[in-house]
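Report on the structure given below.
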Amino acid sequence: MCDIVFGPYERPVQYYETDRMKIVHHSNYVRWFEEARLYFLESIGLPYDRLEETGILIPVLSVDVQYKKAFTFGDTFQIFLKCVRFNGVKCEFKYEVRDKETGEVRTTGGSSHCFVTEDMKPFHMKMLYPDIFDTLKACVKE
Amino acid sequence: MCDIVFGPYERPVQYYETDRMKIVHHSNYVRWFEEARLYFLESIGLPYDRLEETGILIPVLSVDVQYKKAFTFGDTFQIFLKCVRFNGVKCEFKYEVRDKETGEVRTTGGSSHCFVTEDMKPFHMKMLYPDIFDTLKACVKE
Amino acid sequence: MCDIVFGPYERPVQYYETDRMKIVHHSNYVRWFEEARLYFLESIGLPYDRLEETGILIPVLSVDVQYKKAFTFGDTFQIFLKCVRFNGVKCEFKYEVRDKETGEVRTTGGSSHCFVTEDMKPFHMKMLYPDIFDTLKACVKE
Amino acid sequence: MCDIVFGPYERPVQYYETDRMKIVHHSNYVRWFEEARLYFLESIGLPYDRLEETGILIPVLSVDVQYKKAFTFGDTFQIFLKCVRFNGVKCEFKYEVRDKETGEVRTTGGSSHCFVTEDMKPFHMKMLYPDIFDTLKACVKE
């Protein structure tokens, strides 16, 4: 059983994630969302490397990020994540990125995904993998 | 005077842009949008390195990407870009990423930005930099 | 028949390749070497995506980079490359990265590689792929 | 007082660090070395963001990596680091990257650096920052 709102996933900002504007390059937040998402899956007993071995891939359908205040090297970020939709075919996550020191929400975002086999075909998760279906279903907080 | 719809900005996919799923990692499209945007600015006579020297930064406020079909190594992408809003304080772009060989639209997205000084303060572009204001204003296609 | 010294492979520096020190992050030169190497392979009729389809992978055994003067956004780099060793089992490249505007050599480096099948096993290139062997052999300048 | 051989610095491999060959892209090890190096500096009381504020930059002069066996997503790496040379003007590090689960050394490497001011000029560290000089000097294991 997972927490309804999951987190925080946290780590320090890497130097190589900053750019010439002296802040974290905005593309990296999309990677941070992925880190938090895979950490979440691992935490509920579904490590993504094992899902891949099972033949389940979870590609990204869409992503959005809202930048309120930048992070830079020296900061530690915390990501809180919510699975807001899951029906066995698609799922959707929302993210909040906070500064660890102050708790300030500096970035928000979302991503939507589908579930496919290795040859990128959709499949019937509830029927083929009922345990995985139930585990994910139990985490949804709409 | 720039084209109302700008593009294409094109280049081959880099090997290091792919991931274990054998496709381009989804975070890279945010970088590709930036490449297209900076190429666009250069094409209308506003190379971003010179804007930075003038003291003008254009940070990203938000970004969104819709993934329809993946690119991988061996593909060449083309980005078509439209400046859909500009008022001297903020601006907004839309992007279409096509496969060069087939013309197929594989990714779409958008980004919004503000204009600030080096110490991240907004400024009155129409008053301080009327030429830059006019150049950008002339490119808008709402 | 390829040029004994190959190049230049050139492109502008990307904004996202810079870091907080306002210069290109040093890890990116390893990626630039790869870009030049794959461009070289394509130029001699051996595009790497087709080599992969044939079942030939060319992983990196070692890499080294010497940083003399940094590149930053606004610069265009040129890479000149030399295949200094090839025996069907391993190969070795040397790289020079120059500033396009001044011709100044700003970075040098090298990389060594082996040839393996998809399951990471070595194979007898001269026997299995004599044409590829001959093409590469003809490019060596020790 | 720091350990003569420092480490491990460890973390799981990120999904986005892998490439189409299904292994970690070789450029990322250069970033991992940086992570370990900055973690080392922080551990001996010299966090790099504070060094930068003081006006001290430590650019990279050269880097080399030897790849013995690849990491991929699902692995956790450990880096052990040794400062093998330091004279106030330059310093040199050696790295060993091990698989956390097996202890196997999969990658080795080195990097050399200089110390400069923000305008990239060398300075006399022993005279200007004797405390920093002594702290680093105490860590050297030739």
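For reference, chains read A, B, C and D in written order, and residue numbers begin at 1 within each chain.
Just so we're on the same page, a contact is a pair of C-beta atoms (placed from the backbone, for glycine too) under 8 Å apart; a residue touches a chain by one contact, two chains touch by 3 or more.
Note that the structure is predicted; figures quoted are calculated from it, not measured.
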Labels of chains that are neighbours to subunit B and to subunit D: A, C
Pair of chains joined by more contacts [C-beta pairs], A-C or C-D: C-D
Repeated interface matching B-D, over half of the contact pairs identical, chosen among A-B, A-C or B-C: A-C
Centre-to-centre distance between subunit D and subunit C (centres being mean Cα positions), rounded to whole Å: 25
Computed distance of Cα centres, subunit D from subunit A, in Å: 29
Centre-to-centre distance between subunit C and subunit A (centres being mean Cα positions), rounded to whole Å: 35
Residues of subunit B engaged with two or more neighbouring chains: 15-16, 20, 27, 31, 34, 73
Footprint of subunit A on subunit B - complex, ascending: 20-21, 23, 26-28, 30-31, 34, 52, 57, 59-67, 70
Subunit C-facing residues of subunit B, complex: 11, 14-16, 31, 34-35, 38, 47-50, 73-74
Subunit A-touching residues of subunit C, taken from the complex the two chains share: 15-16, 18-20, 22, 25, 27, 72-73
